[in-house]
Amino acid sequence: MNLKRVVAVAAASAIALSAVVAISTPSQAAINYCKATDLKTAGGLDALVKAAKKEGALNVITLPRDWANYGEAMDLFSKAFGIKINDDNPDGSSAYEIQTIKTAPAAKQPDVVDIGVSALNGVIGAGSDKLFADYKVANFAAIPSKWKSESGNWYGDYNGIIGIAYDASVSPAPTKISDLANAAYKGQVALTGDPTAGQEPFMAVYAAAIAKGGSLDNIQPGIDFFKSLKANGNFIATKATPENYVAGAYKISLTWNFNAPGMIAGAKAAGKNLKFVVPSDAVIAGTPYIQAINAKAPHCAAARLWEEFLYSENKGKTSAQLTAKDLKLTGSKLFNTILGGQNVFVSGGATPILQADMTAKKKLINGPDGFDVPKGAKVYQPSPDQQVGGKTLVSAQWPTL
Amino acid sequence: MKLFSRRQLPLTLGLVLATIFVVLPLGSAAEFSLREPLKNTHGFDNYTWFFVAPDFAKYLGISFGLALTSALILLVLLVPTVVWLNLGGSKYRGFVEFVSLLPLVIPVVALAIGAQTALPDFAQTNEVILAFMYAVLAVPYAYRTMDTGLRSIPLKTIVEASRGLGATWFHVLFKVIIPVIRSTVLSALFMTLALSLGEFTITSLLHWDTFTTWVTTMSQSNILGAIALSVFSLVSVFVLLLVISVFIRPTKSMVISEEN
Amino acid sequence: MSTPEVVSLDRKGAPIWGTLIGQFLKALLALAPLLVFMSIFFFAPLWAVVLDSFKSNEGNFTFANYADVFKEPIITAMRTSFGLAMVSALVSAVPGAVLAFLIESRGSDRLRQVVASISGVLANTGGVPLAFMFIASLGAEGAATGLLKAFGLDIYGAGFSLFTFWGLVLVYTYFQIPMMVIVFSPAIHGLRREWNEAARTLGATGRQFWANVGIPLLFPSFLSAFLLLFASAFSAYATARAMTNGTIALVPLMIGNLLDGNVIFDEVNLAKALAVAMIFVTLLAMVPYIVIQRRAQRWQR
């Protein structure tokens, strides 16, 4: 009958129409975030935020709160997106990060890593491409090509310079590395660790080398300088940690500029007055630390959102400034409300990798005063290759300094 | 106990010196932890934060559970072994001594890396693995303590006597030997508990969270608070062990002999 | 008198496990729990380390890592570590033994309880907390330093420093002496008063008793405890790391730098060879110990 026919045709067309609709609209649930290589394949920022929120957690590793203001980065990310961050062994080393990726069971795998460049060189080659997952953040093109892999396997995030942190009671106040030989500083100078084990003290030896007429290819004058400091009693073997400083074990140390704001704040709370100065005779910049997404990441969407966040150049609100109204925003709107990761690094005193781009686009905020490279100063940055030679000399001579 | 009698004088002197030696470093650290620089006074400000910090009780419980488990594992493993060694197996003493010393010789860092490579995944995903690793680390101390203790009692005599009277091995072990070496077992127990409660390296290298790793994470940026927390950890373990020891009467020293 | 084996007899009186293999099997059975436990949780990880120590970075078999152990600065580190362990053990073993003796022989039960508890805690202090305690007391602005200054003793003016070899020995004693007390006390616990009385009845003086009975009896236990102190000082890592910055050549620090560092990442197998080398050194240190033990066995019941 006619009515039956109409119904049949209507039903058939409805089915056909929904089939067409189904084919042309990609289903959100079908995106495999673990295979997404950029925002496009991740379905856009809105979709990424949604998926990350759904995952609900992010595993980071060896991120101290006072390091380049990572504490604020983690708090901001956590608060804005409601994603719980688990920080495995905040004081751990880059070697620990790589070892974890290689051997830890699935539940303990980190999602993202922040390692030193030398660690990268240690795993580069046949093995490295399999450790990390390719992902190009939105601002990938703006990252200097020297500090990223072509395919987006790894990319630099920030770096810092070596400066002198000293107690306010020290007199005369040091302004250059070579000042440290002053007899007034007997028993007061310390490094934050063993140069054979830590990038910070290793770069401090480079700083001494430059100050004493050496070069990035000749670290020997730096080693000799510390040897003479040890001989005349200025350089003591204590570790320059916040607790030891409060206990008066040392008064002067050489440290990254992005660690100094945290140290100064912590010292103030403990009743001590710590100051920081960039040495006028040697400005050593470390190589950028490297971000990468673990190929075995348990929270793929959250990992990628974290990277987008870290490379975001946005000016915006800090975790303290976020309101309940802000939190009701979704997806890219929320993302664009918060301070971008690169600017969070700036607020911690670090130099973000996208600094050139941000300066051009006027997106750079002002960092804390007194931690920057002085205008016109020559900045020395030991390349990974140059560091190989330095390492050999230091590890051979330091134990018998 | 007359403290200053001629006989007791060496002991008193020794104790005074020991107390100074122990208290000076601990007391100095404690003094730091009691500082309140913003109020320019001394007080317990730096101590209150961790009691209300998230997961304080949780991680304390985890550490405590692991410590008890490792102590149990060790006791079950070592007591029969050391008894056997002193009864009839003295030929193997050298071998066991060497084996028991090994966990102490390898730096814990290397052991942890080896464990990550060697242990199967299912072992590394269960937190109980830590109890076993702590037990391994405690073997050198526990073994030596128990061996020294068992060496110094007339083990053969009491075993043969009780066996002669018809006791089963079980009876001999639990009702005869262990009561005699009670304080030795207690010492070994204390070492194991204190070791487990303070262990950090293997715990963090195997990616676990116990009270000690929680302390490190929580203490970031809070210098005086960190010091307070570590002083608190030391003092509380001491109090804990003291409480345990009160519940177990010590055996009288043989020097005040009560046998034969 | 050599220790007679406990031999089980069957009903007819013939030894069941009398054969050599039988004895060995019986020993194996008795040691099985401990050995199985150690195999899984210690020997398996150790074996992984040993295997890797023979590999180059590409994975090929090589002795190169062990050859490096004999070169500078590692060989200096070996010597320094060994020296530090020996000195620290000696400096701690004697006061610890004396203290243990005083407490065991003349202390009340309550005192022994307290000592046992606090020794257990102190013997396990180390790393950053211990370093801080010493810096807080004997550091440049430490409480004890200030106190001594008030009495006219300027230790820093005289050249004292916590961050030297001897400073490290001092810090090590903080946990080594309690360790000695805990491990050695049981030996004294079993020293019988009657032996002293019997010796005196026979006309021996206190000194003769100690020289001929007491010390020989206690010596094996003392040596055993000493060896423990040596091994613990030899492999101590966290404390040395917190106190020295690598300017004192120590093997555990080198191992840590290579396995858990931020600068050198391609010498992991060398670190493992170092760890194995440490075991060999301990083995060597045990040889005189075993020799003395064997000779002292006759004093054992």
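Note that the chains are named A, B and C in the order they appear, and that numbering of residues resets to 1 at the start of each chain.
Keep this in mind: contacts are C-beta pairs under 8 Å (C-beta built on N, C-alpha and C of every residue); 3 or more make two chains touch, one makes a residue touch a chain.
Keep in mind the model is a prediction, meaning the values are calculated, not measured.
Note on connectivity: the fewest steps through touching chains from chain A to chain C is 1. Using CA-based centroids throughout, the chain positioned farthest away from chain C is A.
Note: centroid distance chain A to chain B, computed from Cα atoms, is 40 Å. Separating the centre of chain B from that of chain C, both taken as means of CA atoms, is a distance of 15 Å. Chain C has residues 128, 132, 136, 142, 256, 259-260 in contact with two or more other chains. Along chain A, residues 92, 96, 243, 247 each make contact with two or more other chains. Residues of chain B found to touch two or more other chains are 32, 113, 117, 205, 227.
Contact residues of chain A toward chain C in the complex are 92-96, 98, 116, 118-119, 121-123, 187, 190-191, 193-199, 201-202, 230, 236-239, 241, 243-244, 247-250, 391, 395-401. Residue ranges of chain B in contact with chain C, taken from their complex: 1, 7-8, 10-11, 14-15, 18, 21-22, 24-29, 31-32, 73, 76-78, 80-81, 84, 87-94, 96-99, 101-115, 117-119, 132-133, 135-136, 139-141, 144-149, 151-157, 181, 183-184, 186-187, 190-191, 193-195, 198, 200-201, 205, 227, 230, 233-234, 237-238, 241-242, 244-246, 249-250, 252-257. By the touch criterion given at the top, residues 64-66, 71, 87-92, 96, 99-100, 103-108, 242-243, 246-247, 262, 265-267, 269-272 of chain A touch chain B in their complex.
For chain C in complex with chain B, the touching residues are 3, 5-6, 27, 30-31, 33-35, 37-38, 40-42, 44-49, 52, 98-99, 102-109, 112-114, 116-130, 132-134, 136-138, 142-144, 174, 177, 179, 182-194, 220-221, 224-225, 227-228, 231-232, 234-235, 237-238, 251-252, 255-256, 259-260, 271-272, 274-275, 278-279, 282-283, 286, 290, 293, 297, 300-301.
If you check the complex, the residues on chain B that touch chain A are 32, 35, 37-38, 113, 116-117, 121, 124-125, 204-205, 207, 213, 216-217, 220-224, 226-227.
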